[in-house]
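Dropping the structures in below, format is structure tokens.
You will see chain A twice below: alongside chain B first, and alongside chain C after that.
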Partner chain A sequence: MTDTTTRPSGSDTDIKGPGYRVWFDAPARTVHFEGVLRLSTSEYKPIEDLLDRVLLDHPALGLRMTELQFLNSSGINMLYKFAIAARKKGDIEVKVHGSSTIPWQGKSLPNLKKFLPTIVIALD
Partner chain B sequence: MLTEDPRWRRVLADPDAAAELLADPAARAEFVAAVAALQAEHDDLVLLHDSTLEHANEIEEQLAVKIEQVEALVVELELRNAFIRQVFGRHVTDEVVNTLLASPEGRQLGGERRTLTILISDLRGFSTLCEGLGPEQVVAILNIYLGAMAEVIGEYRGSINEFIGDAILAVFGAPVPQEDHPERAVACAIAMQRAMGRVNAELAEHGLPALEMGIGVHTGEVVVGNIGSNKRAKYGVVGRHVNLTSRIESYTVGGQVLISESAARALGDRLRTRGCFEVRPKGVREPITIHDVTGVDGPFAIHMTEEPAEWRVLAEPQPLVFTALEGKDTGGQEVPALLVAHDDRHNAELQVAAPLPLRADLKLVLAALPGVDAYAKVVAAAPGRATVRFTALPRALQELLDGLPARA
Partner chain C sequence: MDGIIGEYREPTDAGPRVTLVFYPGAFPVKWNQCSVAAEFFAEYFADVGEGGLTEEAERRDFVGSVGYVLNELIENAVKFCAGGTVVIDAGVDAGEFVMVVSNQVCADAVDGLRVKFAELLDGDPAELLMQRVEENAANPDLTTSGLGFLTMLSDYKARLGWRFDPAPGNPDNALLKTAARLQVKSS
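On to the complex of A and B.
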């Protein structure tokens, strides 16, 4: 399922829009979230698809959030759903890199553990 | 999904069918597994809902803090702007301050060439008048006078560039560009002259002497901008046209507005004058034409208030000597004459032997008041006669003239 209407630009593994970029660094098996993400639920579709694909293909994954200044409720919802999907898939290691200097990350990233108890949260 | 199975859908529609279906052990096991899956999904959704809400609350919390910070900044900014307006706004209009605050370029040093209209006003005989007054009185007079004039200039959107003692240098057309700057400036000059009635009434209330003001207006290209050093710069105008405006002003008598040919041309047929004359100011090669303004028609319509002067012819003409002045240096020959009449608007009629040139500046000393110098300008001349307008009329002389018997 590809939704081309809401895709801003870039490829399937490098999604860019005004003020944000989400891209998959394949050799490092890390998804990078950068900038300010304040899309509507449907506009998150390309990012959701990217996460679904890398979840299927890799047994170990990193999510780097240290450059993500802002994430709205639809965004965190997508991230929590990804954690549920990872738990259901099982047999996967997910590590999240965040920054404690970005206020929302200190509160909302640790909640990922409620959906995926094996997730590792590293805040610097 | 449990509800997608037709058997279970039937049960949901008809609860009595449940007993029959659950009697089958395989179906019962399936049902229990499905309920467990639903429960797990439900738990995830509740958790998802709560965690998402928590995130939303966190962001709203941060938003509230940011709003408070922005509000505090707005208050601080308003205080700063109010302060700037207060300090600066005494000299320029709010419009000018707002323009400068809005454009960062406005705060940089540097200038540009622009065609503007310059207005210079000056008090007639103020130095002479000050001689008999204490410093507090001089300041009180200036504050009443400059305050009233600044208000009028503000109404016409001029910006006061400088107060030089009792003189005012104002420009129209900068920093905020105005297409109608010549018209605004000339109308403003007339309004300033009209406001002198109020100023003198207020001065009289405080027991202070009356003032007379002359205004020169000229349109020309000048350099405008922030002039000075980074520490001390002011928005100013420079150029020969500023000096020329000052020269034009020097030809005025009290109550007069004189404007240059360029300003007059800009107003066209909306300008009302008593006429024009040629002058040859120092440092200017070609003679220039000056218009004696009485009013402006059109959108800025305003006219001088003209009260016909009533001559008081003296029963006994007063002998005097006058000296024609070149510039500000006195040094000419003393010429005898007779003062035959005067009015309450500082005009006097002289009986002279030789004709006097128009607009000549004279120093007069009455035989009845030796040592008291009066200054006057020739405003009309006829063979054997000259009408002069006092530009500095010492109080002693005014009192003497008022006290002399008039011819019935």
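On to the complex of A and C.
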């Protein structure tokens, strides 16, 4: 039986599910992460695809996390893998905007530097 | 199949304690209910543990940390459950928040799990985490990230332990109890 409550909707660049939204603001070259993301590893695929696509097409990217309250380990895996893909691509500037008042961000975002040393992490 | 790996400890009745039992046979546990259950424990204990956490930043850190660690434990229990109940038992004890999540696994899986858990505790968690993510990036078809315990150890400084017992009434299964402890206050 399929659990329809976790199925994402929206377009390739605007992914919505129960309690979360991930969307690409093309003019600002920024991917916005909002809400609570606690999906299973395979359920992150549409978001992974979005990140892969924008990585291919842009020399500079922002990831805005200031509205992302929770991210589980499968989501952290997705984020770190994105950093590795950016390192392998090379010649790309990535800036992460986070919030120091959201606990997981202070604990897990700094690790991004290990996978992509040039990444800029700004915690408000 | 009995045995303990790591720093296994259960909550006691010395402080506030709550136990929640899911009976998946009659009521399948949906993935998003892991998050709801974890949030309940985080919010509840933020207010009752040792007089409650009054500093806003302290409370936020507690709710965020317990919410993350417990959600990971419950996701694991639901994902790898081989039948039977999923039990969440948590309490505050001597300045620590103690969580134990129990589920049944196939008895055949026990030896492999023992090796895996021992490896987690033997290595440097930050290094193991880096290795694992690089492996995951090189193998996009993997269906589990394997980062749950590693992030708990590396980013949350959780102390982990596991206990195996025979599953009541089912010789094909083993009962796995996973314990995680977090410091409630740094002072």
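Here, the second predicted complex is superposed on the first by the 117 of 124 C-alpha atoms of A that agree within 3 Å, B and C clash if a C-alpha of one lies under 4 Å from a C-alpha of the other, contacts with A are read in each partner's own complex, and residues count from 1 in each chain.
One rule holds in what follows: a contact is a pair of C-beta atoms (placed from the backbone, for glycine too) under 8 Å apart; a residue touches a chain by one contact, two chains touch by 3 or more.
Every value quoted in this text rests on a predicted model; they were computed, and no experiment measured them.
Partners chain B and chain C clash in the overlay (superposition on chain A). By the touch criterion stated above, A:Ser42 is placed in contact with chain C alone, chain B being left untouched.
With both structures placed on the common chain, the touch criterion links A:Lys81 to chain B and to chain C.
After superposition on the shared chain, chain A has more residues touched by C, the comparison being chain B against chain C.
Shared-chain residue A:Ser11: touches no atom of chain B or chain C. Of the two partner chains placed by superposition, chain B and chain C are both touched by A:Ser73. Of the two partner chains, neither chain B nor chain C is touched by A:Thr118. When the two complexes are overlaid on their common chain A, residue A:Thr101 makes contact with chain C while staying clear of chain B.
In the three-chain superposition model, chain A touches both chain B and chain C at residues 70, 72-73, 76-77, 80-81, 84, 103-104, 107-108, 111, 114-115.
Across the complex, chain A meets chain C through its residues 3, 5-6, 18-19, 36, 38-42, 70, 72-74, 76-77, 80-81, 84-85, 101-104, 107-108, 111, 114-115. The part of chain B that touches chain A in the complex is made up of residues 44, 47-48, 51-56, 58-59, 62. Across the interface of their complex, chain B is touched by residues 70-73, 76-77, 80-81, 84, 103-104, 107-108, 111, 114-115 of chain A.
On the side of chain C, the complex with chain A involves touching residues 30-32, 34-35, 57, 60-61, 63-65, 67-68, 71-72, 75, 79, 126, 129-130, 133-134, 136-137, 142-145, 147-148, 150-151, 154-156.
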